[in-house]
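Each structure below appears as structure tokens.
The same subunit A turns up in both complexes below, where it pairs with subunit B and then with subunit C.
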Partner chain A sequence: MIDLSFATYYILGSLFFASLVFLISAGLNVIFGVLRIINLAHGSLYLLGSYVAYSLFIAFSSLDRILLSVTVPLLAGLIVGLVGIGLEYFMRTVYRLPIDYQLLFTFGLILIFADVMRMIWGVNPLTFGAVYFAYGTAPIGNLFFPLYNIFIIAVTLFVGLFLWYFLQRTRLGSVVRAVASEREMSSALGIDIKRVFIVTFLIGAFLGGLGGAVTVPVLPASPGADINILIIAFVAVVVGGLGSVKGAFVGALLLSALRTIILIVFPELELFSLYLFMVAVLLVRPYGLFGAKE
Partner chain B sequence: MNVPSLPRFPLVLGAVALILLLAAPFYTTSFNLTLAMKAMAFAGTSLAFNLLFGYTGLLSLGHAMFFGGGAYVTAYMVKRMGVQSLEILLPMSGIGAMILAALVGAVAVRYTKIHFLIITLGFSQMLYGLVLKFYTFTGGTDGLGPVSGLRFFGLPISLRDYSLYYFAIGVFLLITFLLWVIVRSHFGKALQAIKENTTRATYVGIPQIRYKYYAFVISGFFSGLAGTIWAIATVHVAPDSLYWILSADIIFITLLGGYAWFIGPILGSFIFVYLQNTFMSLTGYWMLPLGAIFIAILIFARGGVAMLVYKYILRARR
Partner chain C sequence: MSAKDRRGFIKTVAAGVAGLAIGGIGGFLASSMNQQPTTTARTETRTVTLRETITQTVTGAASPRTTPTTPLKVGVINPLSGGGAPLGDPGAKGGLLAVELINQAGGILGRRIEVVGPIDTVGLPDRAVDAVTRLVQQEGCRIIIGEVTSAAGLAIADAADRLGFLWMPCEVWTPRVFETRRKFTFRLSWSDAAAGVGAALMALRIKPDVRTIATINQDYAHGRDNWESFRSTIQALKPDVRVVEELWFPLYGLTDATPFITRLMAARPDIVQSTIWGSDRFVFYRQAVPAGYFRTVLHLDTCLTGMDGHNRETWPDGLYAGSQYNRFYPPWDLWPINKEFNEAFIRRFGQPAFAEGAQSAANMFTNFLALKQAIEKAAATVGGWPEIDEVAQAMVGMRVIGPKGIITIREDHEFEGPQVWARTKYVSGVPYPIVDPNEVVTFPAELTVPPPGVAWREWVRNYKIRAIT
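Right, the complex of A and B next:
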């Protein structure tokens, strides 16, 4: 019985980490899929979401915690989404440049975002644990698993479903997919590419902000979290295949399963094994598990 | 990405800069000398990086692994093996980074563009992950230090009598000279041919994969040497020197200075370190202004500062 409860505990823990990775990498992937830009500033949008959510939690701290845990992330995501629209306007200057210039441009954005957030929210780690504790824990054998982590897993599943529904079942979604696979042709057929880019950035930034907002009760927002989280999401995206949401989903699951096993067997190799896995996948499949050849 | 090739850097300006650098102990503080040494370390690794980027057309986001790797070899030998002779530490750091480059390059040079970037990033982050976790060897997040009690062929070397500073200048000039010889050789021209048109280069008989591999290994070696300057300048080597942000800084420096000119990365390093320190001491923030400058360079002056200087010279001659 104890073995079974341990196994459940580890599997839930692994799913929790996979959720974090997917929440962050989904937006990165949506933007890459349509605009062919690796938005390094996505980690900054994530951290911005964390900070905005923190401020919202503090502002409305008298309200019901469970209610807050649902509304605040949506609001924070929306605010970050609007920032994303501003970002898109700014990025138009580099659409015509080679991909490495676009990548470097977003690196410049990381620097700017980092200092602006430091000016507003300071350098101390900020978190809002009250939401986390409001959820309580669930007993699994002798162990206790925090229910807030289950909530994050649920949010992730919901985001995944929403993305699938939006991209596969709505008219706007199919327009976005058309632009992603054949930009010139869609343009020739009368699709307003610019509007699609704006929508894409809105969704991508919304997902990044939402990810930051749901995680702030568990993972404190602090300077440096942007670049640390970005690089993990980047690995998941590359493993799954750049531009494929399904790939990001599978990549996140594989990555966190690997991480959970490594943490049990040989914890020193945690970071090393993630990157080794990424390089190994690239060597076998240069476009990732679900990526399309350029 | 092509910027018209520039004429050679005016030697007079180079001589003036060198004299200013050599005479620095007479007119500035030892804090500024340490900054200059950091700039020289960045310059060394950015020059080596630019052999791949500016000359061969390969954008690496993993050069911190050779730079930090070299710095760690120096710090490890001083701290854990009791080796304090710079005539041993310097070549060992270069060779250490070169071996690493030989291993990584064997895989990486088969890829181009964004895949090359991701693969180099992956390998450098692997090294970072190992260094961070194997505390007993590397000191983990604490890093290794102090790098002190150094000697060069028996002579004590320290910053107090400026011998450390002059040693750093010596290494920096050595890296610059050797890389300059390499880019002007037949091998260097072949690399540029690969960058201009890989297919055509292959048809005229340049073994492109093998040449890229050589360039990668050479680049790793010189980055390792620059790592030694970093280790002796900062005295304490921390895992930051291996993190991907440092690799991005190297790209930043190279573009800031101008990758189309051989000395561009040197200009970029000194400007980067100077601006970083000035903004930091004036306002407490450096990333915001430097990020804005970086973006401005990408949009308006893709040739970097070197291009601006060149245009200025052209106008002055007219």
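Right, the complex of A and C next:
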């Protein structure tokens, strides 16, 4: 039977998984909310963040590990954010095209990114465990919970708060929201849409890169990780509602809680149950839990 | 290495060829190249000579088959992207290295090998079948080498019989490949049946009073078959052993392993068997170490073939690892071909094939050595460049010398070779756990590989420790 320490472990584990999912889906959602583009290459930005962070960790491996765990993800996120700005430049060609062109275009980007990353970093899974182990563990009964996982949960909460504050409380955030809901009207009022798009892409790509960087001590950067994470993030986004950051947050929590319960009861149904949940939500609310009806 | 180990090595890796002098890969390749068909035929038994006369009467001695002047096209496939790439990429490189060395030494009977590919299958059945169909129908390849995943491998084996091409996988462990009689498939990597039996023997060795077992594996043919073989064998030897936990997750699908680790630890099994590979294993190990998993659980990994390289920090200590090859086994001093192979690999590609990729590289290398040898053997038999089914016939019964030692290709197209088990631990001077050289255990093929013609499921269910002659 599950005792208290196991229950605590499961709950913390569930929050950890929810954090992974939210870190990836938040950026995806921010970009979709404003640009109305489903950026399939978001998983690639995530993986790029992992690889860049790996290289940074190796380059500065003599420095304090705890310090590195905070600075490296920020730096990696920034680098990926800059790559995102470059990407946005090419994306402009598909803004006005039907959605199938956008999907094809971003899918092509996945392949290009995958090949470039393979050329630079090879095919071996790369990970920097020293940071993970530097945090140590907390005893829970007979078990030990890695404190780095708590760090990831904290980063996620911080990202969530930052996004909320930025979108709801800053001037630039309200401009971004205005563009998201009324693009033509905002343009008519003199808002530079192009700049808003660039800023949005910078934030979205930054979040993707940050997610990859923060997770590389736990999840190795390796070919294929881009697609894996993208699928799970998509389920969370669809459940929560496309374009809604709050939706991504709740979607990640729900999805992770469901996954943990399924893993306790019937582990073989892990992925199946997630998709089933997505289908069920779509049947009842096709626009997701927090998505706007269009 | 002690005298005892030396004897063990000779018995297993170099079975039957004690005292055989091998002059390194270069000399080895060149010497086979110089073996003219007649010379080889003389060294073969009477049967071959007999077959030679039969074939000659059938084909007509008046028109001897000449070796084509065009290069021999060989298709190379492997997962080069996705979660299978850590094996597929070094595997493909091992194959390319073999081709380059064979070509430098004069090719096969003077004919150069031209590699078409490597083509990326992503380890997926549909992509793999697309690739081999294209190689056969558009490129005219009748020989295709490579593929890692069992999922894709089962599809390729069917295609090989349908389209009529000779196929030798890079890994593809599932014993289901040979549940149907295959004409053109030859597997020189090991099977899940053998790996599972070896794990069971190792489990009884480290914990003779084992009562409870558990598993965590990727949910597809490889994981399922490996576990079935392990479970059946150990229960055949100790019927009171109970399964207390079985955990399955999708291939390349592991992100957060904590719930799995918790369940395994909660079940308190005496032994956990696992054959997770690729990126999934990194995730599992990374998260299992701090949770204290390896301090409380005896974990047998039937899929670990190297302990070095970029990945070193991931390996836990106190882990029992089994494989059919690792970069340093067969030992370099006793088996110079392995040393030369690894050195040639580093010279060519700048770094060694790390961790489990080392086995893929050695497998692909061996595949090409076997191909060369089979073509030469068949040529000696038929008196000229052989057809593909004659090459396939020649494969049977062949002994192949390569980096993995000496392996025998059996009549059911499986290979026979030893199994290596070791424990990982920290040794002074090395910052990460490595295979403890003093605790290497080898199991000979007779103990672990189901005999030809015997259904593997039946064999493991009725497993008995057999006396080795």
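Note that the second predicted complex is superposed on the first by the 292 of 294 C-alpha atoms of A that agree within 3 Å, B and C clash if a C-alpha of one lies under 4 Å from a C-alpha of the other, contacts with A are read in each partner's own complex, and residues count from 1 in each chain.
Operating definition for what follows: a contact is a pair of C-beta atoms (placed from the backbone, for glycine too) under 8 Å apart; a residue touches a chain by one contact, two chains touch by 3 or more.
Note that the coordinates shown come from a computational prediction; the quantities given were computed from them, not determined experimentally.
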item	value
Superposition on subunit A - do subunit B and subunit C clash or fit	clash
Touched partner set for A:Leu283, first subunit B, second subunit C, both or neither	first
Subunit B versus subunit C as contact partner of A:Val238, first or second or both or neither	first
First (subunit B), second (subunit C), both or neither touched by A:Ile229	second
Contacts of A:Thr137 with subunit B and subunit C, given as first, second, both or neither	second
Partner chain(s) touched by A:Val80 [first = subunit B, second = subunit C, both, neither]	neither
First (subunit B), second (subunit C), both or neither touched by A:Met119	first
Which superposed partner A:Val94 touches (first subunit B, second subunit C, both, neither)	first
First, second, both or neither for A:Tyr275, with subunit B first and subunit C second	first
Partner chain in contact with A:Leu104 - subunit B first, subunit C second, else both or neither	first
Which partner, subunit B or subunit C, touches more subunit A residues	C
Clash-bearing segment of subunit C, relative to subunit B, as chosen among 63-71, 135-143 or 405-413	135-143
On subunit A, positions contacted by subunit B and by subunit C	114-115, 118, 227, 267-268, 270-271
In the complex with subunit A, residue positions of subunit C that touch it	80-86, 88-90, 219, 247-250, 252-253, 255-256, 258-260, 262-263, 265-266, 278-279, 282-283, 286-287, 289-292, 296, 309-311, 313-314, 354-355, 357
Complex contact set, residues of subunit A against subunit C	2, 6, 9-10, 12-14, 16-17, 20, 114-115, 118, 122-130, 132-133, 136-137, 142-146, 148-149, 217-220, 222-225, 227-229, 232, 259-260, 263-264, 267-268, 270-271
Of all residues in subunit A, those that touch subunit B in their complex	38, 93-94, 97-101, 103-105, 107-112, 114-116, 118-119, 227, 231, 235, 238, 267-276, 278-279, 282-283, 286
Contacting residues of subunit B [partner subunit A, same complex]	1, 59, 107, 111, 113-115, 117-119, 122-123, 125-126, 128-130, 132-134, 244-245, 248, 251-252, 255, 285-288, 290-292, 294-295, 298-299, 302
